[in-house]
Every structure is written in C-alpha cells, then in structure tokens.
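Shared chain: subunit A. Partners: subunit B in the first complex, subunit C in the second.
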Partner chain A sequence: MTGTRTQSRRAMLGIAALVLLTAMLSVGLGARGVALADILSALQGQVETIGQAAVAARIPRTLMALLAGAALGLAGAAMQGVTRNPLADPGLLGVNAGAALAIVIGIAWFNIDSAALYIGTAVLGAGGAGIIVYLIAALGAGGATPLKLALSGAAVTAALVSFTTAVVLPRADIGGLVQSWLVGGVGGATFSQITPVLPALVLGGVIVLASPRRLNLLALGEEAATGLGESVAVARAMSAGGAILLCGATTAACGPIGFVGLVVPHACRAILGGDYRRVLPASALTGAALLTGADVLGRLVARPSEIDVGIVTALIGGPVFIWIVRRGRVAAL
Partner chain B sequence: MSGAAGIQRQRRARLTRRLRFLGLCAMLVLALCALILSLGQSFTPPATVLRVLGGEAVPGAGFTVLQLRLPRAVVGALAGLSFGMGGAAFQTLLRNPLASPDIIGISAGASAAAVFAITVLGLAGLPVAVVAVTAGLGIALLIYLLSWRQGVAGARLILVGIGLSGMMQSLTAYMLSQAESWTLQAAMRWMTGSLNGVQLEQALPLLAALAICGGVLLIAAPALEVMRMGDETAAGLGVRTGAVRAAVVVAAVGLVAVATAMVGPVAFVAFLSGPIAARMTGRDGSLLLPAALVGAVLVLTADYAGQFWLPARYPVGIVTGVLGAPYLLFLIIRSNRTGGGL
Partner chain C sequence: MSVESLSIRALAAGYGGARILKGIDLEIAPGQITAIVGANACGKSTLLRAMSRLLTPESGEVLLDGTSVHATAPRALARRLGLLPQAPQAPEAITVLDLVSRGRHPHQGIFGGWSAQDEAAVAEALELTGTDALAEREVAALSGGQRQRVWIAMALAQQTEVLLLDEPTTYLDVNHQVEVLDLLTDLNRRRGTTIVMVLHELNLAARYADRLVAMRAGEIHAEGAPGEVLTETMLRAVFDLEARVMDDPVSGRPLMIPLGRHGLRANEREEARR
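Moving on, here comes the complex of A and B:
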C-alpha cells in the first residue's frame, strides 16, 4: 500500500513539474526569440522593447492554455467515468460543436455581446449536444457502446457544423467568425478574456473534483453502485453537469479543442491506476501540461507563423485514439 | 405458386422493379438538369436552352446557360454518380452501411491532399486529382493496416476511420488557414463540398474516372454480389476474392477521390446513396448502378435547394450534411432495436 502511495505521489510531483516546465517554455519560447534578460524584466511588468512586449503577451496566453487544458482534461476524465466509455471526449461527443453552434446563434440572431452571455449560451449548447449524443447512443439494447457513441458523436457533430455554417454564411458581418469556430486556439488571449470564464471553470472544476467517490462507484457498474446506496442518476448528472460546464466555458473562450479530454485520462490511468481520487487531479494537471506544451510546439514548428493548438492536439490525439481502439479493450472500463 | 415457375416469376418481378427504378432515376437526373439549365435567378425558356446548347449564340442567355448553369449541372451530376457508386461499392464490400468512404475518412484524406496540392504545391486541374487519388489509396491502406488485428473487425475499422478522419479534417483546416487568399468559399468547398464556381473542364477527370473506375466496378459487381454471402462461400463458387477486393477498393477510392478533388467532400452523399437505393430497389442485385443514380439525384437536388429554396445561398455540402446526419442517427437507433449490425 505505502509503496503505491509513494509511487503515485512521485508521479503527481512529476506531472506538476511538467506543468511548471511547459508554462516556463510557453512564456520563454515563441515565434520571436527573446533574450533571457528581456523575459525576466517582462515578467516584472516592463514592456519597453519588442521582446518584452512579446513576452508580456505570452503570459495571458499561457494562463489560458493552462486553464483550458486543465478544464478539458478534467472534463474528459469525468465523461469517461460517467459514460464508462474509453472513447468519451468533449470533441468526439459533439459537446464542443454544440457550444460553437449555440454561440454563433446567439451572436447572429440574439445579438449577445457580453462575455457572461457567451459562456451561458455555450454551456447550454454543450449540454444539449452532449445529452442528445449520449441518449441516441444509449437507445435500445446494448447501451452506449464505444462504437455507437463515436458514431452518434460524429453524426451530430457533422450536423452541428453544417448548421453553424448555415447560420453564419448569410451574415457577411460575422462571416470571419466561421474560421475561429472550426479550429480552436489560445493565440491572442488576453486577461480580459480569461476573467469572465474563471467562475464557470472554478465551479465546474469543484463539482468534478468533488466527485471521485461517485465515479469510483459508477465504475463498479450500475447495480453495484445502487447496492452501495448511491443514486446512479444523481451521480451521473452531477459529474456530467460539471464536465459540461467546463467544456462550454472552454469552448466559449478558445473555440473547439478536441482530443485533450480523450488522451489525458488514459495516460493518467496508465500511470496511476483506475482510482478517480488520483485520476481526476492528475488529469487536470496533465491536461494543462499537454495543452500548453502543444501550444508551444505549434508556435515553434511553423516559425515564423503559428499552428493553432486545436490542430496540434488533433494531430497528437488522433493516433492515440487509434491506439486505444487497436488495443481492443474498447468494451472494457 | 410452386417450383421453378414461381421463382422465375418472382425474379422477373424483381428485375422489372429494378429496371423501373433505374429508368425513373435516370429520368429524374435529366429532369433536374433541365430544371437547373432553365430556371435559376432568371427563367430561360427550354427552347432557348436547347438553342444555346446547340451552339447558337443567344445574347443574354448564352453566358448564363453555358458558363453558370451547365458546369453546375454536369459536374454536379458526375460527382454525384461517382460518390454514389464509390460509396455503395465500399458498403457492399465491407457489408456495413457505415463503412462508407465519407465516414471512414477517405473523403477527408482526399480533400486534405487536394488542398495540399493546391495551396502548397500550387497545382491545378488534373494533377490535383492524381494527388487526391494517391492520398485516398494511401488512407485506405492505412485504415486497413491500422485496423488489422487477427482479421479486420467492422467496428475497429470504422473507429480507426473516424480517428483518421478527425486528423485529416484538422490538417485541411490548418492548410486553409495558412493559405494566402483565405476565402470562405474556398474553405466551404474543402470542408463540406460545394459546386460554386465549378468549370466545365472539371467534368473531364470525372468522366475519365467514371469510365475507368466505374467500368471496373460494374465488371466486378457480380463477383461482389457473390462475396456478400461470405468470402469462403464466394471462393467455393470460384470467385477470386483477393483480386476482386483489391480491384473494388482501388476503383471505389479512385471515384470518390476524383470527385472530392473536383467539388470537395460533399457530406454524406457516398454514405446515403447506397441505403436509399437498397430501400427503393428492395436490395436485389448489385446496388452500384442504382446508388450512382441516387447520388446524382441527391447532389443536384441538394445543390438546387441550397441555391434557390432556402433564405440564403448555401453550398451543396451544407444541405447534404444537415440531411445526412438524421439518417445516420436513425441507422444507429435502428441497429440498436434489432440488436445487430454495429
């Protein structure tokens, strides 16, 4: 027992160190090379040279990447726990596409312009899409198998993206938005964009982080969970609600970013085992490290231009998805 | 009803039904073409359309009919035929309606390759189609290899395809966002498929693909039908299953990839055509020809609807995307009811 506990503590420390490292890289590295002295003075608030200004712009971007990554990792772990499905991911379940459609409709038809309304609409859209996808996959005998979940997610996503384009196309004034709703990114993030999403992220994070016991019971199967006195419906609704809050807020801030929620919990389970008391916090940290690292990578490989982080995560996550499918244990969990 | 006579009568009834369906579809395609040629933003009388098509110079109508409407009708119909036939060939070969090229990522791969050829390599016309076909074949091979694990299970193949499809789509989105002249129109074409701004020259690669790949598929159709009963049965009946499978995959990828290189991955046409044709003909005999005609009807109707029946002008892929998704969901729900399939 103590052996595994020290081991998992060590693993957690390692992941935390990774978060710190990627955050430092994200501030220090970019399309423009900046000398160490300039980086240090920029961190103290000086923005006199171009280099210092570039570093100053990287600070909110890094914060945004850390927050979005943590939110998506946590949401992915919760969704995989709630659906007991290894392929659950906010991107694959149509949740991101639902949030994007809701925001676009809000902008085009209801003229919403405050950040709080953006986030509210995004969460509504995310929740609606996630519930529809899950219900369709779960209909009838057999329940929501990974294949049915992935397919119904793909179908609903295709329809939602079509609708999103259909809403935006006739509106030349907001036509430029389409691109930002097809690919997610954290480039150009500012502190004024981060503040409004913080309450939703904190609330969703607290709900999910408070639910490891429920998720552990759900993992035993519905009957076992009910036998142990847990209301399965309440447990599912709480965790799923927290996850949807996290995804909706993240999509409202950064656009759709897929595969982080898929990859991260798998990595954490592989290192730390299946106990959600460890998997949830580890997923938040790993998600933050992964998204920040992917953003740094996207800035470095295409110099002097940048690759949006949503594309980097898809290129990293796609092979992992295929690896999970190939492992052939898609029915388990 | 007894014995051979009854069976023969049934067979004849089925054949009649099939021929009637084929005739009906072909007439529908022609009628749609006639509609597209004569009725757009303005009305051109059919007599004038015929005079223009006959080579006469008709002031006013000439440009509209020859430059705007004719390419749309011809390229749309040919692309629809290609998507429909290629999709049905995959669905028949893999014995699964979900294993259509647009769901398992072959269209997305061809589209990414076409965008690469255009924006990065600076190609245009036929070479783009060649790159798209090569990439489509590569993706098909990759899906097959990645889902191989003591045999290829349907579920694994489809899931691997969905994963690859996601990667290909984000590659396309990236290359489009990097292109110097990023326009919504261009992005629409490569993300969902569009007939806006097609040229008549684009019909040539499609015609070639239909003649070669379509010909191969129609020749292989009887063998493909036998293989629906299972590979061992087919082999026992003298079908060279390996050769047929290779020929069908290459030809079907060729059709879908060329069509994608010309008009983009028109959402769900390859996926929808086969099942619709099966429902209408009663699933007797090869679906390839009926599905091809259904594909042409789908593309032409959806494009026309997107242009004139909706409050704004939408590219064809948006219309088929919205139409196709409910059908996919229906398929998922129905397979749950019957408890098999997926």
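Moving on, here comes the complex of A and C:
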C-alpha cells in the first residue's frame, strides 16, 4: 500500500491537520465547559474568569501532550527500526519503566529535586533498562529475535515495576505524588515543567530525525546493511541513543506512557510504506495527535473528573497490540 | 569496469574462540565466477563472511587490489565489494523500486541527494534482472524467485566490481535456481563482475562456475576448473560420498550422480559390491 509521492504528501498534510485539530480541541474542551468568547480571550492572555483560567491552564498541557506524543512516536519508530521488531515500544521494552524506577529511587533515596537531575536520572534509567532487556534477549541461540525481545521486555518491565512499588510503598511522604506521576499524564503541566525537558527532547529528536537512511539500511538486516557499507553497531547506537533520550525526558516530565510508541509507527507504515524518511516525521506528528487526542478523551469521558492519558493510551494500545501480533508480521520488519 | 584482484592470505577466522578457517590461501580469479562448495560446517560461508566485513579475521588478510578489505572504510569498500547474504529478509511494506534504490547507499553523500547516476544505475539493475515491470510491487508479495532477482538487482545497483553471494539459490525451485544462475552469468559476461558464491548444488556449481573451490574442515581441499575439481576422489574426500562423475551431455561440464544404496541398476550393483 505504498503511495506515490503525491499520495504520501497528501497523507502528511492530513496528519498535520489532525495535529492542529487535536491541539485546538485540547485547548477548547475539558472537564469544565468554557464559552468560545472566554477561550479566545484566554488565548490572548486574559485570566479573569474561571473559564479563562481553565483555558490558560490547558495551553501548557496541550503543548506538553504534543511534545510527549511526538517524542514517543519518534522513539517508537526508531526502536522498531533498530531492533527490527514490530513489537518494540518504549513501554514494552522496559525503557519507560527503567526511567520511572530511576526517578523513584532518586526521589526516595537521594532526594533529587531539580528538573535537570530528574531528566538525567530518567535517561540513565531508560538506557540501563534498554541494555538489560537487549542483553537478556540476546542470550541463547538466534540472538535478539523479536519474540525474545518482547518476552525479555515484559519480564524486565514487570521486575522494574514491582521494584518501583517496593521503593514507593514504605514512603508515605512521597507516595501520593509518585503514584499519580507513575500513571502517566500531562494534566497540570506548566511551562516551567516543559522548559527543562526541551534540550533533551530537541537533541534526541534531531538525532533520530537525522537517521532515516541508517534505519532504512538496518531494516534490510545486519548482513545486507554491512554489505551496503553501513556500520551496524554505530547506526544502532546512534538511533537507540536518540530514542532513549526522548523516552527518558518524556518519562521525567509525564511519567511512563505506554503504547503510543507501538501504535503510531505501525499506522504510519501502513499509510506511507516502509521508508523511514517518511515514517519518522509522520510518527512524530501522529504521536503528537494521538497523545493530545487521548488526553482530550480522558478529560471528556469522566466529567467532571478526568482519566490520565496513560490509562487512555493503554486502553487504545492493548487491542492494537493484540491485532499486530495476530496479523503475524512479528517475524519480519 | 576495471577488474580487481582479490587475494586471501593465511586467513584464520571463527566465532567466539572456535576457529573455523585454518589458514586459507586463495587467489580469486578476476572477472570470473568462483563457486565454493563443501559439506555442511566445512567453513564455506565463514570464508565468504571473512572476505567481507561481516567477520573480522583472527589473522591473515583479504586483499582487494592490494589493500586489506578489513582496513578499508566501510562505504568505500561497499562501492567496490558487494554482498548478498543468504535468504535476506525484506522489511514490511517495501516496494521493489525502494529496495533496489537502497543499493545506491554507498554512492550517496551524507545528505543523500539522488543523482542522475543513481537513477541510471537503478534502472539498469531493474532491466538486467527483468524486474522493471515489478518496480511498484511490494517485495513481500512476490514469488521466491522474483524476490531473489530483486535482491540481486539491489546488489547490481551497488555497481561493485566484486560480488559475494551466500547460497543465492537456497529455498528456490529448480527452475528459479537456473534462472538466478543464468542471471549472474549474464552479469559476469556483460560487466566483467567477479562473482564468488557459496553453492550447495554441486552439478549447478560445476555447470555455472569457471572455478570451483572445494573446502573440507576449514581448509581448501581442491581449487581449479570444474573438470579438475569435481572428481570421484574429491567427492569421497570432501563429502564422504561414493558417486559417479560423467560428462554432462548438455554442457560438457562434469556431472555428479551419487550411488547410494538403493535404486541401482544390476550392473551398478555389481560394481558397487566390488
């Protein structure tokens, strides 16, 4: 179903329009209904009425959702490319859980409290977990096959999550704060939370967006990529490093959000074909639209309360995951 | 296209301490087709991998026109030495044109501008392999034989003087095996590309290769023209196989027929008993 150039340009425009639409909905809709006039004046900076204040709070929240979604979509596409594994996802390969555990340990035992430390700790945790999952999957015959990676990722994620719980449980002082963060959400995001993660997001984004040709070669398999003059180890380290930066920074800001990185690249490949020069930018845009849309949905379904976006993406992502496995394309990417 | 020399000197290599190649010396005939044959686990695929960057030798060297293959920059090497792995897997949703175009990677700059030269090389590769009509199809939807021609087209688009292939006919029906070997011979005759391939099927190897290399237990047992290498003595030593070798009535090359224990004519049974 690979489209011609005009078709893929049209698809890209459609995705961009979707991003714009979800962003507008995210500013306009919420647990509290706000009149259009208030939305417009809030966008111009007025925060006099309750409605205007609600809208003003939705602006950084929307920006955070767009950034986190783009980062997770991009990271998922890169991880699927690096591992040649259609089931690769920052949530499934333990990367987000590793970042979460590192942050929880940092808060509980080392009293870290600056944003820069959160991000650094999260990136370290994400990288460490990714490496452990890969090494376990690479044990035994056949190397790190897609299935072994998924199993190893599930096992390590389970271990990391229970360890995280074990760290948090005896600490009533941090429990409430950490628990709500662990669900994964963008509610309550402020501009002062967004600024510190920007450098890591930009750096990770640039690294991943600069590697589509490497990923295109890795997709042909290690041997064919080597035959075409690619240094496979360098290509993998670059792309995985970029993805881990993105995941670590996103987890530090929003908590571990799953399934965006899994679902988005699949959708993009189905529409645009397997060329990473198109899949990567499309995954960033689609991820932004999906996470922002999921956040809006979470605000609307439980009015006047809210459901965190991490729960909404899991509800969407679970069935999609099963569909991908049943489609039987797990073996080759 | 210039014809490059490929020499293997005292090459020893293996995996994780297990030494598989035990000091190989071999001159690959430039501009000719060389087939490496031997029983399973004799080291023939390992030799092919060690001739490229897939496997770093423990000692010895592989020289392409006098410079070591393993000391050459990866992309520079990929412009001169092509490699087609055994049973390569195409990624999901990739078209024939896209896959063949990826063969141009080593010729492109860092920013990957697509030149008229790239365009021409891809068009020629599609034409030579008869896959131009398939250009917009998805690779996954093709038959095994078509798919292998597409991978060969990708290697052709790379425009190297030397092409290494690991069992290019595995998993193919016999008609497609012949088709692929005919295609490689066309390429060799038209462009002078030096071809080195590992082949399982001895009669096809003898039929299509200019030179045969027979390997046994990590060493070269015999090397030369098919008529010199494919003999009853060699089959006994390398494959532990009793067989007759006769002239192929179609090509005049040697043709191997295993004796086995069953299905023999009466006179052959007599002979086998003696």
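Everything that follows uses one rule, which is that the second predicted complex is superposed on the first by the 326 of 333 C-alpha atoms of A that agree within 3 Å, B and C clash if a C-alpha of one lies under 4 Å from a C-alpha of the other, contacts with A are read in each partner's own complex, and residues count from 1 in each chain.
The criterion applied here is as follows: a residue touches a chain if its C-beta (ideal position, glycine included) is under 8 Å from a C-beta of that chain, and two chains touch if they have at least 3 such contacts.
All values reported here derive from a predicted model rather than from experimental measurement.
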| item | value |
| --- | --- |
| Three-chain arrangement built on subunit A, subunit B and subunit C clash or fit | fit |
| Which superposed partner A:S162 touches (first subunit B, second subunit C, both, neither) | first |
| Touching partner for A:P170 - first (subunit B), second (subunit C), both, neither | first |
| Partner chain(s) touched by A:V325 [first = subunit B, second = subunit C, both, neither] | first |
| After the two structures are overlaid on chain A, angle v-u-w for subunit B, subunit A, subunit C in degrees (C-alpha centres, nearest 10) | 90 |
| Partner chain(s) touched by A:L315 [first = subunit B, second = subunit C, both, neither] | first |
| Partner chain(s) touched by A:S192 [first = subunit B, second = subunit C, both, neither] | neither |
| Which of subunit B and subunit C A:L228 touches, first, second, both or neither | second |
| Subunit B versus subunit C as contact partner of A:R269, first or second or both or neither | second |
| Chain touching more of subunit A, residue-wise (subunit B, subunit C) | B |
| Partner chain in contact with A:S114 - subunit B first, subunit C second, else both or neither | neither |
| Smallest separation in angstrom, by C-alpha atoms, between subunit B and subunit C in the superposition | 15 |
| Subunit A positions touched by subunit B in one structure and by subunit C in the second | none |
| Contact set on subunit A toward subunit C in their complex | 1-2, 84, 86, 213, 216-217, 219-221, 223-224, 226-231, 269-270, 273-275, 329, 332-333 |
| Touching residues (chain side subunit B, partner subunit A) in the complex | 98, 103, 146-147, 149, 155-156, 158-160, 162-167, 169-171, 173-174, 177-178, 182, 184, 187-188, 191-192, 267-268, 311-314, 317-318, 321-322, 324-326, 328-329, 332-333, 335-337, 339, 342 |
| Subunit B contact footprint on subunit A (complex, rising order) | 87, 91-92, 136-137, 139-142, 145-148, 150-152, 154-156, 158-159, 161-163, 165-166, 169-170, 175, 178-179, 182-183, 258-259, 305, 307-308, 310-311, 314-315, 317-319, 321-322, 325-326, 328, 330 |
| Footprint of subunit A on subunit C - complex, ascending | 52-54, 74-79, 82-85, 88-95, 98-99, 102-103, 105-106, 112, 136, 138, 154-155, 158, 164 |
